Amino acid sequence: MSGDDQAAAPSAAAARRAGGADLGAWRGVWVYVELERGRVHPVSWELLGEGRKLADHLGVPLSGVVMGPDDAATAQACDEALRHGADAVHVVRDPVLAHYRTDPYTRALTELVERNRPEILLLGATTLGRDLAGAVATTLGTGLTADCTELRIDDETRSLAATRPTFGGTLLCTIHTLEYRPQMATIRPRVMAMPKRDPQRTGRVIEEQVALAEDDVVTKILSYIPDADADKAQLAYADVVVAGGRGLGKPENFRLVRELAELLGGEYGGSRPVAQAGWVGADRQIGQTGKTIRPKLYIAAGISGAIQHRVGVEGADVIIAINSDPNAPIMDFATYAVVGDALQILPALTEALRERLGRRVAA
Amino acid sequence: MAEKFDAIVVGAGPSGNTAAYLMAKAGMKVLQLERGEYPGSKNVQGAIMYADALEAVIPNCRRQAPFERAVLEQRMWLMDERSHVGSHFRGTVDADEQPTRYTVIRANMDKWLSGKAQDAGVLLICETTVVDLLKKGERVVGVRTDRARGDVFADVVVLADGVNSLVATKAGLRPRVKAQDVALAVKEMHFLPRHTIEERFNISGNDGVVVEMLGKITKGMVGTGFLYTNRESISLGIGCMVEDFKASGVSPYQLLEELKSHPSVRPLIAGSEVKEYSAHLIPEGGYNAIPTVHGDGWLICGDSGGFVNSVHREGSNLAMTTGRMAAETIIGLRDKGRDYTAANLKSYRRALEQSFVMKDLKKYRDVPEILHGNRQFLTTYPELLTRAAHTMLKVDGVDKLTKEKEIKRDFVARRSRFGLFGDAIKLMRALR
Amino acid sequence: MTVKVEEKLFENRYRVDEGRAHIAIRAPEICRDRCETPSCTWCCPAACYTKAEDGSVILSTDGCLECGTCRLLCSEHDNVEWSYPRGGYGVLYKFG
Amino acid sequence: MVMHIVVCVKQVPDSSQIRVHPVTNTIMRQGVPAVVNPYDLVSLEEALRIKDRFGARITVLSMGPKMAAEALKKCVSFGADDAILITDRVFAGSDTLATSYALSSAIRTIGAGQPVDMVFCGKQTIDGDTAQVGPGVARRLGLQQLTYVSRIEHLDPEAREIVVHRRAEGGVQVLKTKLPCLVTMMEGANTIRFADMDAMFRAARCQPIEWDHKAAGIGEVARCGLKGSPTVVKKVFAPPPRANKAEVIDARDKPAREAVDALLAKLFAKHPQIEEEIDR
């Protein structure tokens, strides 16, 4: 074991217990702009929108942090951050940062925070954001509230009140970091509204230097397998899930489910009986123990909604159930219950939504 | 190398826990196997616990057992669709006396008694289902579990695996339980604030109320409903003979739902939060359905041996008592250095015969049969009685003598004079 | 009165042994062709057995309460293969 | 010498059993059983598979009240070798920062006997859902941090090399790194085994070792528990209940398209965020 607590957390003393007068030394709201493989994760723009509100409330500037190789994508990310509401952008350009790896990213972000002392640091609750935030918060020795769904400033303490689901979403809790700075939080994607992009908006781009060397980084990237190639269901993370059950009659009719899912950019799945019958792969089974989905929209066609299914999908924000049996259990826990033949309703729904999206594109 | 024990107990319910506890306390090396995640996780009971049977095992159990409420008041309701006539018995015990019955939450009870057994040295392994017995010739020498390298050996095996008695059945030690010998009961746990329960039932402290219900709620099937007050919950359930469910086309949950909406029951559970729905079989075949209870290297106790007194709704005390007697038999043989052969284990059967267990079961041996052939006890009579009560209590200007005559006419019309007499005789015989 | 047994089962705690049903219908065609009183479809307290339109009986053991009723009901055709779930799986009563 | 693997586990309330009272909107905790955090079991199973292949000594470690020993015994019943519970009043009220401090100190103490080659943590817990303790422990111990691992592609204990698939947004990173490392596994990567009877016997006879903060080698008590936790939970509350009755659209008496239009009109009026989602 090579690690040493003190060595691994050199800056802990600086941030810990920034009590009393020191609290004031930490100023400004920061949003980490998640740039990976040349693309910025949309959650970063959502956070700039949210961060703008917090910064305005506090009367402090809003800054974006961009880390990546010295290329066009990094430069564009800086510009876009400004256009999405940042007053300034701190950028680290270094070939070591070409791909996300915990160590160099943690080092860079930690150094930037210590140098500039923002009071609030927000990251997206993505796999990258949560990996990085956990490492940075530990190194800084400060508080981190994960996977938040609501942010507010508590005027009395001038602290960040971060609300997040807990106990698997059964409960919510509001968490403050009172005596430590920065106050860190990761925020669930697609919870905060996307801010309006202002193409005219500009601001300061601050070049930051961090001494990074590839030889110091133990972990190497061998390759990257995009999901489209993997064809593995990502049901757990999908924002829209369309699923079919025995009510569809025969496997050929599953096409209707796939089409709607594809149109909505979501994932498709099947109930336990149809997964067992082989209509869909086991990785697309919904309602399996320990595998819950939490989409914003769940559409269940021809699924009766037995016990395991209910447990699996209850976390969905909105459930639309399509079933010919008005007494099917799913009709009770659905938000909308469409009583009718799924084989008629599904194509009608796909058609209606396609027209709608077509209109939008045309407009 | 397969493990070897002095005794293996299959099941961690009241009878298994009692047997395991006593054998370990007597210095035996005991392995207990339970298929649930923890003792109690597969077990269902009303539940009322009889303190004396437990006290015979754990002397000052009253001070430590997780009892919910002491039964202060017993109600018996005869019900038709909308009303009931009933009797209450409410009585405080003398200062030097202890209550004899307590309501319990079964999972808590089983965990507690299992804890006693483990403290006494029982090695408990949960999440392991015994699938068969290991035999050497006719002699049972161990058990086979559902896990890899799952054979475990012992000098004697105590089967306390519950009403379905799968292990003994599979090993050919007993016939399969028959549908006409078991009742299916379903139950819900209704949670309410403590003070709400106490207000609704006019109780305080640790006192409790039990309600036994008979009549049209079972739609002509042989069965009863029950309502027991726990500290912060009410156990509400109903059970009927499986054979009757089969013939009636009625679903057990339908029956329970209708019981919940009965005007006599509904206000008692109003506003409650249901936190569990359970179902369980109860052996009600009585004396005539008790299988062979011992053989070479094995004994059977509790529900798996059919030890339930259905007339008095006693099961857990018989379970604990048979578990205790099984253990005492085994300990007695060990002390004398004698082998656990069928002949030597016969003293278990003798002990049972001499105890209240078999004496009570024998006394009521004909009750199941009588009830089966005479549904009027459960349907016609409750209806007649509630109607009689209605008639007598209604102030409508009709004089009481006329009303009495009307009631008498009603009874005779439905059952005939001869039928009434015959019913009385039958009941007397069965309950004598 | 229609009763939603699923509502009741939802309150229970289960650990499902994926892909290993502990109860099975031995010969589906017996249910479809020879059983005139499929009492399992109304007696099962968890409504694990449902009758399909073609007359066959569909068994889903997810909500099983492990009472054993179906095993005893099917005495005429003896068409139910019944065992307990593997250790630790199945219904886990919180109160019992 | 075989590898030494530490698996950190937590005993948690089975959150699927926590209910919010539909009328009072209060939390009901009666009868909620304690279980091993399910995500931890995915990591434990992965460690056990390494043990199956290469041989390894697996120590399960937990922080919690004394009753958490049950969770550790459960892990032994799956095949872990040793079980250590750090339990002390000073740990009460720990947030993730304080927890990772205590756990990493204990792992360092465990490593004093035989150096630790790999640490596994659950991806997150089902009660806290933070996913922060794993990274925290990795940081403090200077371990290579491999979170959200969906597959261990290759492991060479001799060369001390490991290749994993790590879930990223929109794809999978294939990472190669050196031991010692810390791994958190994605759900669905495996299913915990049904262990053999020998493991059940060992678990039944096992009494997890209990360490207080001193035995665990924790120097600064001020960095533990409430005192060592920067975050403060101000409020816990139930989310506003979902309308408990579905809005029914009967499509049996009208053309499908008409029903669908009615559905979408209602949906978008009541749930503008869904409209936004669909339009993205």
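Every chain is named by a letter (A, B, C and D) in the order it is written, and numbering of its residues begins at 1.
We adopt the following convention: a residue touches a chain if its C-beta (ideal position, glycine included) is under 8 Å from a C-beta of that chain, and two chains touch if they have at least 3 such contacts.
The shown structure was predicted, so the numbers you read here are calculated from the model rather than taken from an experiment.
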item	value
Contact-richer chain pair [B-D vs C-D]	B-D
Central chain (by mean CA position)	D
Distance between chain centroids, defined by C-alpha means - subunit A, subunit C (Å)	41
Distance from the mean Cα position of subunit D to that of subunit C, given in whole angstrom	34
CA centroid of subunit B to CA centroid of subunit C, Å	23
Overlap residues in subunit D, where contacts from two or more other chains coincide	16, 19, 31, 33, 194
Overlap residues in subunit A, where contacts from two or more other chains coincide	311, 332
Residue numbers of subunit B (touch at least two other chains)	37, 127-128, 145, 147, 189, 233, 275-276
All touching chain pairs, where touch follows the definition stated at the start	A-C, A-D, B-C, B-D, C-D
Residue ranges of subunit D touching subunit B (in the complex, touch as defined)	19, 21-23, 28, 30-31, 33, 77, 194-198, 200-201, 203-205
Residues of subunit D touching subunit A in the complex	13, 15-16, 18-20, 27, 38, 95-97, 100-101, 104-105, 107-108, 111, 115-116, 126-136, 138-148, 163, 165-178, 180, 187-188, 229-239, 242-243, 245-252, 255-257, 259-261, 263-264, 266-267, 271, 273-274, 276-280
Subunit D partner contacts - residues on subunit B that touch it in the complex	3, 37-38, 123-125, 127-128, 145, 147-152, 189, 191, 232-233, 271, 273, 275-276
Complex interface listing, subunit A residues touching subunit D	1-5, 7-9, 16, 34, 36-37, 41, 99-103, 106, 126-128, 130-131, 133-135, 137-139, 141-147, 161, 164-180, 190, 193, 218-227, 230, 236, 239-240, 264-265, 283, 290-291, 296-297, 311, 317-318, 320-321, 324, 326, 331-341, 344-345, 347-349, 351-353, 356-357, 360
Subunit C - residues contacting subunit A, complex	2, 4, 6-7, 9-10, 12, 14-16, 18, 60, 62-63
